[in-house]
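Order as written gives the chain letters A, B and C; numbering starts at 1 within each chain.
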Amino acid sequence: MAFFFQELVNGITTGALYALVALGFTMVYGVLKLLNFAHGDLYMIGAYIGFFVIQWFGGPNALTIPVPLLLVIMFVLAAGLVGGLGVAIERFAYRPLRDAPRIAPLITAIGISFFLENSALLLFGAQPRIYNTPQFISFSSGIQIGSVSIDAVQILVLVLGLVLMVGLRLLVNRTKVGRQMRAVAADREAAEMLGINVNFTIAATFFIGSALAGVAGVMGGLLFNQVTATIGFIAGLKAFTAAVVGGIGSIPGAVLGGLLLGVAESFITGYISSTFTNLFVFALLIAVMLVRPSGLLGRAQLQKV
Amino acid sequence: MKGRSAIIAATALGALVAAGCGSSGSSSNAGGTATKSCVATIGMEGPLTGPVAFLGQEQLHFAQLAVARDNLANKTKISLTQGDTQLNPAQATTVTQQFTSNSKIVAVVGPAGSQEVQAVGPLMARAGLAFVSGSATAAALTTGKYPTFFRTVSKDSVQGPQDANYIVNNLHPKALMIVDDQEAYSTGLVSVMVPIFKAAGIKVDHQSVSQKVTDFSSLVAKVTPDTTVVVLPWQVAANAQQFGRNLAQQNKKALIFGTDGLYDPKSFTIKGSYVSSFGPDITAIPADAPIAAAAKAKYGSFGTFGPPTFAATHVVDEAIAAVCKSGQTPSRANVLAQIKKTNQPATILGQPIKFDSNGDLVNGKFFLFKINSAGKYQLIPSG
Amino acid sequence: MSLDSQPPAAGPQVGADEWVARQAHRREYLPSWLGTGQRWLERVGWWPKLLVVGLAGAALPLLGLGGFQLQVGIDALVIALLAVGLNIVVGWAGLLDLGYVAFFGFGAYGFALLSSSQIGPNGIHLPTYLSVPIVMIGAAVLGLLVGWPSRRLIGDYLAIVTLFFGEAFVEFTNNVAPSVLGGPNGIVGIDPISVFGRQITTNAGYYYLLVVVLVLTMAVLRLLDTSRTGRAWRAVREDPLAAASMTIPVNRVKLMAFMFGAVVAALTGTIFAAQQISVFPTDFDTPILILIYAGLILGGAGSIAGAAAGALVLMVIYDGLLRSPTDSGYLFYGLILLTLVVKLRPWRRLAVVLAATVALGFAAHAVAGAISARAVAGGPHSTGWLAAALRDWVVVPANAQVLGNWGYVLLVCLLIALVQVGRRWRTILLPPTICLASFVWETRLAVEPAITRQLMIGAILIVMMNARPQGLLGSRRVEAIT
């Protein structure tokens, strides 16, 4: 039974991480109908930013500032810088293609992904960068329920993830910017005719989505400890999977998809087989898609004549 | 607008074709100035970008270091041409074709993966081009199928039993978990080690995770209380470090036994772990101090994949120098013949380098390290 | 992305469609004799054009191509064939299939299993005329299976399910039944393909075989395109509901698209396996999928010639030119010059910018050299005549890594800024940007050719899609965004 709960905790933690990256992905899709394959690389850049912040303040063994302050700086800086990068990418690469066939921005996104990944390789080198989290957040600061142990970092990921998801939901449902985002996602031309500044709204969406990816990157660095230029690819793939399985364009769907993916991976590794984890996860997700063809929480696709 | 684009595209293509034709012609005539000094080009193939870029870049840096030092020492003018394979055999074929078609290249260092060696071996043999690998360890590579292949590391069929026997005789586990990372290097070792464990009556839990996985908490949760050893014949040290973290986090008492890939004093520092490496700790070998210092100054930290590639490049450089010293111009045939006769009593690996008739390193040593409570690697003397 | 400050050519043309686009195109001929040539080309049927291009391609090796160029040609032809096959699924039927490379792998592995010593004591060594058709039929069945979910799934949901299949294939061949499928060690020792009794064992032989197969496939697909099935595919792509009301069996049409695509991919797989003499699971992973898609879309999805042309151009640049550091340098500087020439009008502006760049470069070099000898101690890392030309123009310090990195970041920021600002500022910023670009190239990019290759292909993809979103040979059409 303890094993079950341990796997559950692990699954929900990684699921929360996937959900955060999937959120940004799905938001961008909502307003632009664009599958942003470069999203995972924004996660990677966030992770590098977190690493450099740790180095700036003395490195994991000799921090010069208290840990909570360090964490705040890491998250804020990653969110801000990666968000800005996302806005720049949108302005530079996606805006000219806004009216092109839907498949053209896919290739631009792939080009940007190549560019970001290899720029990181060029600038930061190929050696993995190690966060060394237990040096400044030791294991003993977690909680232990019976023989189920929850690490402090896992708690941080869960809490922060929850806060961000709730905050995003409030933003989208209660604020003016959120209303504008929903309007642009529903029908861009009509939104424009209503006087909404579409360019600003799309830029804001990109900023928030990319900032979420950046924060997820820092969390990933804290959880998994190593950062290389290629972690973005896997993260992007998971985000894509989680977002689509949950119903692409739907924010609660992305969260649900991410959690489902994390928990499925965890339980299948634990109970069935670690060798064929991916195969079983795929089979499970295909079954989900066949039962709910528009994703878990997606809207049934209207076909216009 | 459309017409102009067509002209632009046509001009661009024309320029590219012209450039391509120009360079294909120049590769044979440039550099043909016959001087008294020894001029040659060697190729280096490795995963320079892609998922295991850290491995390939480390190998490249050490190869470049070797060429620079040997050029100074032997007064040769050897230049290094690189080729990126991304550990993909089809790309390795393309890179190898690039090297074999370039008549200036007289020998090749690499490729890194055993699958790549299998893919390019026939090509190299047909071109008579010698290739020395610093990391391809599959036993099947030296059964005579690839007459121009050499390697400066020992093979899995030697390392596997050695490590397995050490575990059985010295660590006495009742149950152990062995996890492979679904790459050829890993599965080769596992297939050799598991029968030895089973024959000794140890309960073996064989798991397998993809190299792309970076969180092992789910796998670690499966480690039973009576499992005292976890064997990780992995290529990515940082993954093993994370595994060790997950072990500590979930209060599992098993210790980690790793092979070459885990040898990385910066990335893998789980106290009490064992690491079996085909390369020694060159920072502990006094003769290697200048090389280690130069590598650290220029490239930062390094692990286990650099030194054997340094050794491989050194083998090639020395062969070229020997050919020049005997008055000939380096060519593929005479460099190949010279490499076969390699006999270096002292090398960066802390052991002599000599190849047997199949290209294997003669008496390749394995070095067993234990990580002490300060996180430092301590060599366990053999015997 | 245009360097002029004029707005991009017309936004969504409400009510326009493919037929209208073709009429508009008819009025866009090039002036004078080029236009006459264009009109004549259009009047000539498709098969003479295909035949001429095919003969030209087949004649290329006779110009004296070396082993490497033949290999690049083979790689390019393989991706071209795959792009042509993918065009059926994506370009014609409009189904986003992200698992296409699994059919390619299926063909390769199928052929490998049937033509090597893998199964049984001595292996099944079926002759080519048996193994290839068997593999192709198997692929059709597999295409049917994979296409089955497409009955209920549309758009991006189909994409993810096909992506799963693609990933599952790699996992399957890597981990399941290693004694049969070879595991990560793959299958080695595959028989060569024999055509009309003669075995093909050289690269030149496979090159010719691939040219012939590509030409034949393109011809067959062209015939298919103009048939009822082709029209049905296009109808389903544009509007499935309307197509269904016109009594087109939508599900069956989708399945047929999958099957045809799968068969083409499997055929390519067999030739690939025979040429490589070995197959490994990593040969069929996502990077190949990305290349096929990039080739298809760069060339223009929906057009057979476009798919093949885009893939060929992409692979020749990526696998051929960019693998040589010298050629990469030529390409880099050549593209900068080309962009300037194309985008800077009038001529006076171009001349001013070029002159300013040259002057700025020499001035910077002189100033830096005067300040400190170490600042210009490193020479340009390009090879060939470029190095000689640039030696006194670009500033390359002795230990340039950190400086080069910062220069790189600054260059990217400058490029983004260049796109946003107005005309006058653009003219002012261009010369320093070009000098900086050359600086970054010589200090960092030319030193790491493997990384630069990836960077350049990424940049080329971004720029090409911005410049011509419909692809090289595609036609501008408006898609209904669901």
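Following the convention adopted for this analysis, a contact is a pair of C-beta atoms (placed from the backbone, for glycine too) under 8 Å apart; a residue touches a chain by one contact, two chains touch by 3 or more.
Since we're looking at a predicted model, the values are computed, not measured.
Undergrad: Find me the chain with the mean Cα position closest to the mean of all the protein Cα atoms on display.
TA: Nearest to the common C-alpha centre lies chain C.
Undergrad: Can you name the chain that lies farthest from chain B, using the mean of each chain's Cα atoms as its centre?
TA: A
Undergrad: Between A-B and B-C, which chain pair shares more contacting C-beta pairs?
TA: When the contacts at A-B and B-C are counted, B-C has more.
Undergrad: Could you put a whole-Å number on the gap between the CA centroids of chain A and chain C?
TA: 29
Undergrad: Suppose each chain is reduced to the average of its Cα coordinates; what separation in Å results between chain A and chain B?
TA: Averaging C-alpha atoms per chain gives centres 34 Å apart.
Undergrad: Quick one: report the Å distance separating chain B from chain C, using the average Cα coordinate of each chain.
TA: Each chain's C-alpha centroid was found; their separation is 31 Å.
Undergrad: When you check chain C against every other chain, which residues touch at least two of them?
TA: Residues 171, 175, 451, 454 of chain C touch two or more partner chains.
Undergrad: In chain B, which residues are in touch with two or more of the other chains?
TA: 49-50, 182, 208, 210
Undergrad: Touching two or more other chains, which residues of chain A qualify?
TA: 118, 121, 275, 278
Undergrad: Which part of chain C faces chain B closely enough to touch in the complex?
TA: Residues 9, 25, 28-31, 34-35, 38, 65-72, 75, 171, 174-175, 178, 183-186, 188, 203, 272, 276-278, 280, 282-283, 285, 287, 313, 316-317, 319-321, 323-324, 326-327, 330-331, 334-335, 338, 342, 384, 449-451, 453-454, 467-468, 472 of chain C touch chain B in their complex.
Undergrad: Can you tell me which positions in chain B touch chain A when the two form their complex?
TA: Against chain A, chain B makes touches at 49-51, 53-54, 56-58, 179, 182, 207-210, 212, 214-215, 217-219, 221-222, 236, 238-239, 241-242, 245, 248-251, 266-267, 300-301.
Undergrad: Across the complex, what residues on chain A touch chain B?
TA: Residues 3, 6-7, 10-11, 13-14, 118, 121, 125-128, 130, 133-134, 139, 142, 147, 149, 151, 223-226, 228-231, 234, 265-267, 269-270, 274-275, 277-278 of chain A touch chain B in their complex.
Undergrad: Name, in rising order, each residue of chain C that touches chain A in their complex.
TA: Per the touch definition, chain C meets chain A at residues 1, 8, 11-12, 90, 96, 149, 152-157, 159-161, 163-165, 167-168, 171-172, 175-176, 239-242, 245, 286, 290, 293-294, 297-298, 301, 405, 408-409, 412, 415-416, 419-420, 444-445, 448, 451-452, 454-455, 457-462, 465-466, 469-471, 477, 479-482.
Undergrad: Using the touch definition from the top, list the residues of chain B that touch chain C in their complex.
TA: By the definition above, chain B touches chain C via 1-9, 11-13, 15-16, 19-20, 23-24, 26, 30, 48-50, 82-84, 86-90, 93-95, 97-98, 100-102, 114-115, 118-119, 122, 138, 140, 182-184, 187-188, 208, 210.
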